[in-house]
Each structure stands twice: as C-alpha cells, then as structure tokens.
Amino acid sequence: MREISLAEAVAELVRDGDSVALEGFTHLIPVAAAHEIIRQRRRDLTLIRMTPDLIYDQLIGMGCARKLVFSWGGNPGVGSLHRFRDAIEHGYPHPLEIEEHSHAGMANRYVAGASGLPFAVLRGYLGTDLAKVTPTIRTVTCPFTGEELAAVPALNPDVAIVHAQQADRRGNVAFWGITGVQKEVVLAAKRALVTVEEIVDEIEPHHGQVVLPSIAVDAVVKAERGAYPSYAHGYYDRDNAFYREWDAISRDRDTFATWMREHVG
Amino acid sequence: MREISLAEAVAELVRDGDSVALEGFTHLIPVAAAHEIIRQRRRDLTLIRMTPDLIYDQLIGMGCARKLVFSWGGNPGVGSLHRFRDAIEHGYPHPLEIEEHSHAGMANRYVAGASGLPFAVLRGYLGTDLAKVTPTIRTVTCPFTGEELAAVPALNPDVAIVHAQQADRRGNVAFWGITGVQKEVVLAAKRALVTVEEIVDEIEPHHGQVVLPSIAVDAVVKAERGAYPSYAHGYYDRDNAFYREWDAISRDRDTFATWMREHVG
Amino acid sequence: MTATTDEIMTVAAARELRDGVLCFVGIGLPSAAANLARATHAPNCTLIYESGTIGAKPTRLPLSIGDGELADTADALVSVPEIFNYWLQAGRVDVGFLGAAQIDRFGNLNTTVVGDYADPKVRLPGAGGAPEIAASAKEVIMVLRHNTRAFVERLSFVTSVVKGPRVVLTDLGVLRPDETGELVLVAVHPNVTVEQAKAATGWDLRVAAEVAVTEPPTEKELSVLRALHAA
Amino acid sequence: MTATTDEIMTVAAARELRDGVLCFVGIGLPSAAANLARATHAPNCTLIYESGTIGAKPTRLPLSIGDGELADTADALVSVPEIFNYWLQAGRVDVGFLGAAQIDRFGNLNTTVVGDYADPKVRLPGAGGAPEIAASAKEVIMVLRHNTRAFVERLSFVTSVVKGPRVVLTDLGVLRPDETGELVLVAVHPNVTVEQAKAATGWDLRVAAEVAVTEPPTEKELSVLRALHAA
C-alpha cells in the first residue's frame, strides 16, 4: 500500500467541479476528509449524499458546493441544517441547485452505479410530488407483468469518500456495525478514497463486517478519529452533545464562519 | 425456536407440485433435506437451482421433478450429471421440462424475488440463443439512456431450502465462507427451511458471514453433516472422491436405483 | 405521575403496535413509541431501522437512526440498499411509523418544504425513507403534534402518500380514516375537548358519532418511557 | 521433464495473462492456467471466482469453483449476485478465461447442447457464467482441445458471444482473430504441424503468413503446474 497523507490524497483525487459522494449512514461519517476538502478550498462540487448532515452543512456554508443530490437533509435527532437551509432559502453564500430523491431511490441509484447499469427499478415515489420536481425520476414498465414502476438513473460519482475502521497493509478495507451504502458508493465511483481508524496486520472478523478488496480503492489513508463527532463502532462513541451544539453554531452566518476558521482552518 | 425434525419440516413445508429451490454454491449444499424430500416421495416439483448437481441428479433420477429452472447442470470438476442428461435426452424416468438461464440471470431473478420486484435488469444474454429458447428472457429500455438491456422475471419459489453452519436458539441463522445466493433465495421464497450443523448460544463473527434474522425463516432444523458430500466451512471438507464416484454410480439406471435405495431409502 | 401531552401521544402510539409485528421505525417520537411498546405489551415485535439494523433491542432511545446501540443489539446488520429492497419493498413490514411537518385530511404527508418548492419559506429535511414506508408497509401509524400549521387543508408538497389502513396520533387525540379515506376524530386525550381538536385542524375536521376518551398512561407505561429517555 | 499436450496448452494460456490484471476464472484448465500465471510471472493478478471469492490465492488447484481453499485465501468474500453485478457487469474484469464444448470461427462458444435444443444428442451443462463473462470482460482467453467435434463450422447452440479481443489456446496451437474477427492460426506447439491443426478444425482454418512455434514449457513452469495439481 502506497504511503500518502490525507492532504495529498484529497489534492490528487478531488478536483474543482467534481461530483463527490461522502457517505456514512450516521456511523463512520468521513469528517476528516470533508474538512480537508474545505481547507483545500474546492469549488463547484456536486455533493452527493443520502443524508447531508454536519459535514455537508459545513461544505455548503463554506461555498464548496454548486449542487446537492440527496434524500434527507437534517441534523439527526436535533433539527435543521441551517447552512443548508440558508443556501436553499436565501442563496447564501450562493445559490444551491438541488436534486432530491427518497432514500430508497438514492440507495438504488448507487446500486445501479456499482452494477454498471444505467438505471435502477423500484417501487417508489408513487403519487408524490418528488417525481414532478426531480427530472431523474421516471417510470419503466415490467416486460412480464405490465406493471409500471419507478426508474432512477445510476449514480457514478467522480469520487467516493468513506471512513472505515480498519485497513490491512495491502489496502483491503474493513467496515462493521452500520455499513450503510459504503460498499456501493465506492464501487459506483470512478475514484475512491478511504480514511481508516487503524492499519492492521490482519483484519479480524466482526458481526456485519463488509470488506472491500484493495483493488476497489485508490487511496487508503489513516485518519484517527476521522469520523468524529460521528462514531466509529468499536473505537469511539457519537458525540451527541456536539450535534446539539451545532444547531447554535450553524444558525448564525458569522458564528459559523468563526467556528470553521478556528476548528477547520 | 420451535423444536421440529427434518422429516416434520419437509412434510409441513414441501408439497407435491411446489416450486422448490435448494441452493448452496458448491458449499453448504442442503443434501440431507434433499434426501428427505426423496424419502417422502414428493412429485411434480419445479426444481429451481443455479447449479443442479448431485442432489438434483438424485431428485430427477428418483422422479420427483416435473420441471427444472437452472443455469449450469454438471458435476463440478468431474463432468456430466447422468440422471439429468437421461431425463433430458431420453425422457427417463419421465420427461423433464427445462427453463434455462445464465448464472447472472438466475442470481438477478432471486434478487428481484427478494426485493418484491416483478423483474430484474441486467446486461446479459446478448446475441446468444438462450433468449430464443427461454421465454423468460426479454428486454427493457432504459428510460434515461435509451439503451436496451435484458430483463428476467423475479423468482419467488414456494419453498427455499438452504444449509447453514449455525443457528442460535432464537432461530437466527449464520452462514460464512462462500454464501452464494442463500440470503436471496430465502428472502425470495414464500416458505423457508434451513438445516444447520449446530445450534449455538451465541453466533460468533466470521469473515464473510451472512446472518439471516429468525423472522426470515419458517423452520430451522439441526442436520449434522447435512451438506455432505459437499462441505461446511469450518466443519468438514468436500468429499471430492465421492463426486468422482458419483459419475459411475449415476451413469447406469440400475446402479443408481440400487445406490439410492441403499443410501437414501 | 402526571403525563405531558407528548407522553400521552407517545403512549397512545405505542398502544397501536400489536405484539409480534415487524415494525419499520423512524427516529424521534416513533422510536420512543415502538420501544415503549416492546418494553411493555409487545415484547415480540421486531424493530427495523433504515440504517440496516434488524431486530434491534435498544435499552436507551437512540438519538439517531444509526446509533451504535442499535447495531450492538440487532439480530442482523444489513446494508441500506438491503433494508429498502429486501425488507421494506418486499412487503415484509407490517407497520411503518411516520412523523411529518404537514398532514392533510387523507393522511398524505409533507416533509419537504413549506411554501413554494423552488423558493421555499421553510426548507424541511426531505423525504428520507418516508415515501416507500408509506407505500410498502401494510399499515402506517402517524404521530405528530396537532395544530393548524401541521393539519392543513392543502400540503405545500406531497412527500408521501399513505396507502394501507392508518391511524394518526396527536397530542390532542386519535384520528382514523373512514371508508372514503378521510381522517375522522375518534378519540380525544384526557382533558382535551373536541372543539380544541377542531380548532387545531386546518380543515373542517369530521368527528365520530361517539368520541372516546383515551385511557391515561399507566404508571408502568410512564415509568418505562421515562427510563428509556433517561438511559 | 516432458510436457503433455494439456500441459503445453495450460502453460500457453498462463503466459497470456499479464501481471496486475483482474481475472475472472472458470474451473478446470482456466483455473490451472490462472494459478500457474500467479505463481510465476504474474504474482499481482487478482483472481475472481464466480462463487464470490475475490483475490483468492489457492496453493492447490480447487476441484470446484466453490472450494473452501478459495474462501480461506480470499481478500474478500461476496455473494453470487455481487460477483456478477458489482464485479463482472460493472466492467471491472480485465480478463475472462473460458472453456467450451464447441467453438466457431469467430470464437463464439457452445456449452449448452450438441444437436437440437428440444431433443439433444448430448445435453451439456449449460451457460453458467459464460455469456456475461464473454460480454463483460475486456478480454477473453479461451482454452479447449483442438478437434473437429469442438472446432465446428456451425455451433449447435450459441451460448456465449465473445466481444473483446481474444485468443484461443488449444493442445495444438494458438489462434487469434484478424480484423474481421475470424480466428487465424498464429502458432503451433512444438512437434505440431499446421496441417494437423487444419485437419483438427471443422472449417477451412486460416493460417497466418508466419506461423510461430510455441516456446516449450520451462522447467519452472512445469514443476509449478505439477505442484499445483499434486497439492
């Protein structure tokens, strides 16, 4: 495995204008990598993520994003994402284009992307206004039953970024606990960066473990506590208090800017 | 978990005329359950399996099957399945209807079945004669790119039967090693029977482990060495010699009948 | 113990959950109600969270749908695509629990925007798992606070269309659909009047011929609920 | 050591595998060739078997595509749907290795029946993974014994249509497609004549202007191959 720093990996893999998916479903959110993207002042990104949360609030608030592809944008268990809302409601710091799906739609878009298919089929969106405002929701007819189902196009981000608990020295990556769509987003993306808590000699089995073989990944970088304030199962807990504090930090534009300058740089 | 014998489970869950999928990809083939079906003299079954091997040779040779849905019918590493060939080539012991797919098609049919979708989409069968002889291969057009892809209907067997290494006392089932399509076939089926090597207090994690929660399964039955002569990773090895011997046993109708009477009953 | 209106609503929601069902749980009030049910009259319910935990048995209420407690106590952990495709879409879920910012008289839900979609007054989180839970669960239980901002004549945006039989639990009472699908007030909580419920509804709320009064939370229900919150 | 014709064929096939590629391996001769390559000039190949093992490093040759040895030595174990969807169909596979009962002059393959489909003379195993390997792998290497039953003017059944660039290794020589896609004899193995190859082909086999002679297996190649078989 190539030795590389997080700064080098982001510099090499994430470019202005890219579509970038940082995934992690509550668990294992790639916070360290998101902060590195902010420090490197990437611009015009199409940010993709099922659950835009604090890191996307930060990326949007710092002006990195041109567009957001998502299915649920909130601070889980707390409330609104104020930078996300400010961008959509008031165009601050600049207007944000959105492409909005349901969780089932987004998950299946990644599955189609990972599978090399142009689209995915699901029972979804029926009767909702989502299909009216999102042009990437269409229908397809079953050639056997004649039933009409929803169709969504594959997602193939330029870059996928995820955080995992472990990699071995050959670059095989292990996640366990809640593993979300991490396997799918990595396999759907053109380039993949994985930050890990720890590099180990041998990956030990764990319940619900997902292993990505090294050939699926372009760079593996050690980033201890790289998912904080989210959590890494077996390493550290979610800092629920910080999620609550973020509400006050992010509510005001200046408070947010000051906090980012002091804590992210 | 309900205490039940294999004979009771098969009597309750497998009925004449049912579509029955016994899966296990080389590893964990549910041999004990197949033999119980033969002993209970089930008839007119639609047998479904990606890789009909010795157990399907036996079920077909003993006259249990009316139809076979499959993608590769051979004795892996050895050669032909002679009872399968005798049924197709000479209609012995009676004619066998076949519905033939590729592995990719069969795997996706189970995925669609497990997902509650009427069909699956894949890049497959292009230019082959399979689409000419198999009416369950059609096409669908991507509503985004206009690309034409293959479509196959969902498989939802009446009964799925698989063999696993362990179940805990609440009926959660654990497979590891090569897990094939076992999760999908169980979730696609109307009823599911799992035989296991061992009932344990607590399922320990293993590399590549798949856990089926108890609610996905109708009956869990202990059947030690229930996959022999295939293997159960961590319990016993594949009896490669028996696979070679089967070639001679199965080649002749009478030798086969005698062997079955003596060894299965 | 005196119950708060939120506690009465949560207890009423928990009571709707029959034992033995497979329940797809959203975070917040639905999670509190489902776990209260599991800890009292419905110990054999299986709880599924969209994060991929099946059969989670949390002893404290998770703050998010992906808390480690859910993974630690689950029978099985699966990916998010599997939860939505193999579990929800496949029709295995008996009961879905949903909240919303807005509801209309037919129980359709809005969690997307207040105001115009392109230029919203309030941008809400969005759909999440709700449209497919609403469509695929055999039965949907909705929980939301009763006021005219939430109970509206016309939704700003239809995020989810609820299909199956359903019940709506509020901090004022209980609503169930009649044969046309329109929600009817069938019960009020203790010390709540029918007039209060009507005044808190943005349309002309239909009222059942006989309006029941909710049994107040028992000591057991309240103490278990508070323990779940405190843990 | 004197090499058998099967050994020469297997060694020739192994040499076609460039180091570092991702190779989807069928059982039998392809598996022997791929593992010989990994043990000699191509140590950084990643082998995928359709049973769901990625990066298997077997020290003995598996009898079937699902042997425990493959799982024990793999970097990752995935389900069969994942192997076909996330790995093969996604276009990650550089090289597919295929055998067949029949091949035509364009490299199309039959593994289904000899004779009529509805009333076959010989019922063969069927498609397995071959149609999608043939279509999705960037390059396909075919290995089969050279005789007029196998090399036929017209296939009884088209099971697989090979798309990418390809090579056919037989026990007599090496065939590669020209610009029209027709297979041309480009090399013969030691002690094999062009006439023998032509006589073993069921169509009028085209022959390259210069027909090379295969380098005989080295001592190293033979001893490693035999050790793989013996282990």
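Chains here go by letter, A, B, C and D, matching the order in which they are written, and residues are numbered from 1 within each.
The definition used in the following text is that contacts are C-beta pairs under 8 Å (C-beta built on N, C-alpha and C of every residue); 3 or more make two chains touch, one makes a residue touch a chain.
Computed from a prediction, not measured in an experiment: that's the story for all the values here.
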The larger set of C-beta contacts, choosing between A-C and A-D, lies at A-C
Please report how many Å separate the Cα centroid of chain B from that of chain C, as a whole number.
41
Taking each chain's mean CA coordinate, chain B and chain D are separated, in whole Å, by 27
Scan chain A for residues touching two or more other chains and write them down.
116-117, 122-123, 183-184, 207-208, 211
Send over the residues of chain D in touch with two or more other chains.
76-77, 85, 89, 136
Tell me the shape of the graph of touching chains, choosing from line, ring, star, complete and other.
other
All chain pairs that touch each other
A-B, A-C, A-D, B-C, B-D
In their complex, what parts of chain A are in touch with chain C?
25-27, 50-51, 70-74, 76-78, 80-81, 84-85, 88-89, 100-104, 107-108, 110-111, 122-130, 133, 176-181, 183-184, 207-208, 210, 231, 233, 237-238, 240, 243
Touching residues of chain A toward chain D in the complex: what are they?
114-117, 170, 172, 183-184, 187, 211-215
What does chain B use to touch chain A in their complex?
116-123, 136, 138-145, 147, 149, 151, 153, 203, 205-209, 211
List of chain D residues in touch with chain B within their complex
27-28, 50-53, 62-68, 70-71, 74, 76-81, 84-85, 88-89, 112, 117, 120-123, 125-132, 135-136, 157-161
Can you tell me which positions in chain C touch chain B when the two form their complex?
22, 46, 54-55, 75-77, 85-86, 89-92, 136
